[in-house]
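Should a chain be cited, it is by its letter among A, B and C, assigned in written order, with residues numbered from 1 in that chain.
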Amino acid sequence: MKLSLAEPTYLKESISIISDLVSEARFKVTPDAIELVAMDPANVAMVVFKLLSSSFTEYNVQKEQNLAINLSNFKQILRRAKPEDILTLELEENKLKIQLKSNTTRTFSLPIIDLEEKEQKVPELKFPVNIKTTAALLNDTIEDVDIVAESVTFQTEPKKFIVLAEGDLSQAKIEVPEGEDTKITAGSDTVKSKYSIEYLKKMINASKLANEVTLQFDKDYPLKLEYTVVDKLQLAFILAPRVENE
Amino acid sequence: MKLSLAEPTYLKESISIISDLVSEARFKVTPDAIELVAMDPANVAMVVFKLLSSSFTEYNVQKEQNLAINLSNFKQILRRAKPEDILTLELEENKLKIQLKSNTTRTFSLPIIDLEEKEQKVPELKFPVNIKTTAALLNDTIEDVDIVAESVTFQTEPKKFIVLAEGDLSQAKIEVPEGEDTKITAGSDTVKSKYSIEYLKKMINASKLANEVTLQFDKDYPLKLEYTVVDKLQLAFILAPRVENE
Amino acid sequence: MKLSLAEPTYLKESISIISDLVSEARFKVTPDAIELVAMDPANVAMVVFKLLSSSFTEYNVQKEQNLAINLSNFKQILRRAKPEDILTLELEENKLKIQLKSNTTRTFSLPIIDLEEKEQKVPELKFPVNIKTTAALLNDTIEDVDIVAESVTFQTEPKKFIVLAEGDLSQAKIEVPEGEDTKITAGSDTVKSKYSIEYLKKMINASKLANEVTLQFDKDYPLKLEYTVVDKLQLAFILAPRVENE
């Protein structure tokens, strides 16, 4: 296996975001893509990451490989990549070799670890609500509600996406009308569900990768956030709802 | 009551500065202005703030209202205002409603609190010394003395403003001559008084609002710092002297 | 003694870097230069600093003087110097007077301290290896190895400078070929020696002063790092090797 990237940014930023949720994970390297599906330790959030072979300048994978590594260490190494570096990944004697090449040749090696965890499957989910908006708008919204509460309610009304949060003292309500930047697909019924702001704050860092985001959810049902760079990568998150015991 | 601001910056910065000194305070909303007079919990510093109705695009106040709120929470909400937002303040069912409107409509509500403290009156003070200088110069001076001591002596000499600080080890002395940027009105006698640097450091943040500052003081007497934006706002501080028991 | 600098940056940055290694030190002020030779408290690193009289606009030193001061306090004062300030150093009644002059005159005084430590001599060292490269490249290299280990091995191979680090888990290897930016003088034998990354991280801050750096070392022998600004200053560091007990 030998993979080269002329623009290390996508891999670098993706791993940095994922490592905020999952500290160790298994990559599946197929002839088509590098893939990762992982649950966070609290079993509340799932990350689904795919970096397509078309984003590499060299992509030489004979047969599918699984390799589990410590993502924090991987992130630290990737952070050393400068925009002008060519980044190469290779497997060598139970180590992942990461090479950064420009004037100098900098080679890091990281141990392949044993992950007891069995392979995660992405659950099949169906969503009546699909909202496509700018990543910047979602960021603002989450930062808004973060100052009043720990959980946030996403709600649809005809041609409107509503975000609500209620703290002990203060409340926040953001109304996002359908418009040029925001497309809302939803039935005529109001759909309403609650999610953890702490997790959302980690996920919205994916706005560094893509300008748009898709939100899908249902009443007391998981949320799916999806960031896509066409022909390059997909980074999606599935977040369990906060169901109230009332 | 309904008040709208097309430039949220003045309110935002003022509340941020005031909340460093006072955590809860009562605003008086009159047909002319929003006013606040508050003492810090240690009774060492007073804040006098006035945001004139002329700085609002809509200013609808039928009768004078008093409303006490938590300034830290208010600051956090105002910090979410972006330059392009129109900020509207309304009273609704014992809540202060703060609306930020651009593409989206973001509404925060903050509880009106009970403040036992009785209304503060601005003391009548007379000062023999009046120094008008740039806010940047005062900032530099306070940051200079901050590295050697905890209190600073302001002193006048003919056509000179002198700032002194003496720590256990080091000393600092800044001489500011009268000049284009600095106008000094003082009698022929030397006037000298000592103030807390910790408090001054919080007050000089008002340099974000205005380029000029007026200092007024007397021997072992309070200091008054005043920042003004003509037709818009006034932010003044009164600081008790540090009288030495020698 | 009276010394004036029109560009305080060199003195300011030098003292800031040195004070990370040594908290108190004795300066020798000769008719030619201000000099400092000091060991860090752990006796692992030596600093050799020389600021030539030619970098001063006024340099009035009748006879050689020794003056020991607290470098952290001196750093804090120098940090207050703005690029447009003229900085003057004078000795006055057992105090070092530091004056910063622009619109205002700001005078700080710092006590001369008693340093029991006897005068340090720069050891005479001979090095078979001399590498001249850009300060930026050395910075990158040290930051690279810092993520995997606490010590780093410098190694020469014909026309190559190799930097290695091995942590419990990860490894890093940087190969710097001879080239336009990097000149390597070394014998035909491989020379290899190990040094503390923590110390190197403090030393490479001298890249703020000079664009180039010279590295000299030998097997299990001290390393000398040298940053020079022609006709102005020299800042060198000598670092003891980490000899392995194997």
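Keep this in mind: a residue touches a chain if its C-beta (ideal position, glycine included) is under 8 Å from a C-beta of that chain, and two chains touch if they have at least 3 such contacts.
On a predicted model such as this, the values are computed, not experimentally measured, just so you know.
Student: Same or different, please, for the chain A to chain B contact, judged on whether over half of the interface numbers appear on both copies.
Tutor: different
Student: Would you kindly give the rotation angle relating chain B to chain C, two copies of one sequence, based on a CA superposition and rounded to a multiple of 5 degrees?
Tutor: Angle of the fitting rotation, chain B to chain C: 120 degrees.
Student: How big is the gap, in whole Å, between where the Cα atoms of chain A centre and where those of chain B centre?
Tutor: Computed from C-alpha means, the inter-chain centre distance equals 44 Å.
Student: What residues in chain B touch two or more of the other chains?
Tutor: If we look for residues of chain B contacting two or more partner chains, we find none.
Student: Quick check on the complex: what are the chain B residues that touch chain C?
Tutor: The contact residues of chain B facing chain C are 137, 140-141, 143-144, 147-148, 169-177, 179, 181.
Student: Which residues, counting only chain A, touch chain C once they are in their complex?
Tutor: Going by the criterion above, the answer is residues 70, 73, 76-77, 79-80, 103-111.
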